[in-house]
């Protein structure tokens, strides 16, 4: 596989960053680790979300549903199966749900998709709660493992790397090219021979699967798992904000949103706990009116302006096969 | 039978809310996720008027509806028109308006939480019993349903028997053509959005007479309204009403016969069926 | 006798009360440059949409070299070998000319990838007169150049039938000559082409046979000169000032 110079540099920088991040637990196992864990969690979630919602421009609010399913897979199965298997199963179950949701909604317009996913987490939560109470008379599940925060941190870091590599591979593949075309003009895509519905569903399943795995990995963090926490709709909203804030044109765009926003949310939840809704509302408005392409989009715009004198055309966003 | 009547009473009030959203999405092409907040705000204002000034909510509508009209008009002109002008195509506008109104949803909900707290509130109004076909229902529900019918009738008269109303309908069917026949599409869109907000506020006022509400419940109502609008066929008023009644009956049936905790599941099941078999809704047009 | 390149039988499409295409039947032979003409609103673009799969016919059959394609989704029809241009040119605005054309090469039935796809795109861009401009972003191109890119994209899938939806519309006289020449060359290479056109000069100089639509129906099919001098056809066009 031939890599361009940009890709090699990105790979090196990425590897260094990951290695550096991995050493954090050696220095602190308290507050900073907790914050970093949140960051890595949302890094994984937002990047997985962007795999699908970036190229298609379909805003998915289903994140909490996939996440919760992953958590529940671990909660239900930990007495019977080893943890790694459950992570994969959590991912698979989430992917299946994504497939079903996709098949029902992606053949129609994007608006229906957003609305459907809007209530999906709540729907899954209702069903899971109902089944839980019916089948076991208690609302929650106990999750006992030997994992501590640092193990979960490392697992999430590994997951984030996997998501990035997957995204990179997709971008270079026909699937990535097809998604770019679909994002530009779906009619042209179809008339070029692209089965747009199927591809969107496939991509949604990949994205959902990773989100499910994140949920599974996070399950041991709290020893007791309950539907409202596992299927917390806030997860869906925060992922959308951070990804859009960072910018979804690039695979690493969401990271630019994740890092500052997790810090902001942490401060807000401590200092102004009753005002989280207001902060989130303002964040959405800022994104729509001031940063429609996210911070990275705005920065790239400014950079493009400053290069206007150059006669060469702008480089295309997708990695070139050199 | 009891289920059906209760369902219809419930559906009737859903219908008002859905009508509001139908106008906003069908004419102004704005998917207003903050619609539920207008409803909740109306509930609180009605509550305040009733408990502080003993104002009958039905008269309260005369105050609440115009205020909601003006507020929604302002929201449209200040926040949403720039998006309409900026969007390169319908898809972009829909995404932008969803995100923007989503932001408004959180903002308003947060402000209301601050102002009113998170507690559940209700007030007693016409809590006497009313008999229909041998079973007793709350008089407040019946009156709310009747008032909703009156308001809906008023809307029908406006849309089908006045010039402004016909212009609004024309824009819902095809904005480009409406433009060509001389209709000021921008004005019609703003009018529809404001009117939609007023309708939702009416629905909220009526709902507050029999429903226990709190500051965070806007989202659930928005969700149901969205589903009703889509089920009924975007932009179609009759469809929205029928879909609302169907939803009301289905929810009541599920709550009574299966489990009250599965009402949302019932709603979603209906929604999924519509999406799979008739995505344009009951009265919608096939997408070209 | 081999099956016709494209055969339409009894095609019908209605939108609510409006019947846009009514019992249309015609045949296009292999290698032909076939004209689909008629006054404004006669249903020509709808007919093209039925062939390309953008719309599903309410009734009737459409067969590509003997294989039934009516009712199939657009992407399957594209892979079967039908490519088209659009009345209002449709570009992929975030990409350059090369990648726009590659879209046809990668996902059509040729299923090229990588260097091969790029080569094919370059060849076609040269064919339509855009050699050397492969990396220009299409958003920065003139309308006529965008049309050329769209044509190259349609050709990139090596289609069995090429549908041109008023491809010559909006061109000035010198551009028109170049455009007509280009289409003539494609036809000489053996391409089967169906042209929807209003520019009568082009129809006369390029097409052998054609079919005339009016209000969704076929009113005449045959050799161009014969058809254009038919009184019913002339009547249908009276009052229409698109004639060249």
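By letter and in written order, the chains are A, B and C; residue numbering begins at 1 in each of them.
Criterion: a residue touches a chain if its C-beta (ideal position, glycine included) is under 8 Å from a C-beta of that chain, and two chains touch if they have at least 3 such contacts.
These numbers were taken from a predicted model, which means no experiment stands behind them.
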{"item": "Among all chain pairs, the one with the most C-beta contacts", "value": "A-B"}
{"item": "Chain nearest the overall Cα centroid", "value": "A"}
{"item": "Relative to subunit A, chain with the most remote C-alpha centre", "value": "C"}
{"item": "Averaged-CA centre spacing for the pair subunit C and subunit B, given as whole angstrom", "value": "46"}
{"item": "Averaged-CA centre spacing for the pair subunit C and subunit A, given as whole angstrom", "value": "42"}
{"item": "Where subunit A and subunit B are represented by their mean Cα positions, the distance between them in whole Å", "value": "32"}
{"item": "Subunit C to subunit A touching residues, read off their complex", "value": "52-54, 73-76, 78-79, 83-84, 86, 90-96, 99, 102-104, 106-109, 113-115, 135-137, 140, 153, 157"}
{"item": "Subunit C contact footprint on subunit A (complex, rising order)", "value": "174, 177-178, 180-181, 183-185, 187-196, 313-314, 316-317, 321"}
{"item": "Of all residues in subunit A, those that touch subunit B in their complex", "value": "57, 59, 104-105, 108-112, 114-116, 118-120, 122-123, 126-127, 129-130, 237, 240, 244, 274-285, 287-289, 292"}
{"item": "Subunit B - residues contacting subunit A, complex", "value": "31, 33, 82-83, 91-92, 94-96, 98-100, 102-111, 113-114, 223, 226-227, 230, 259, 261-262, 264-265, 267-268, 271-272, 275-276, 279, 287"}
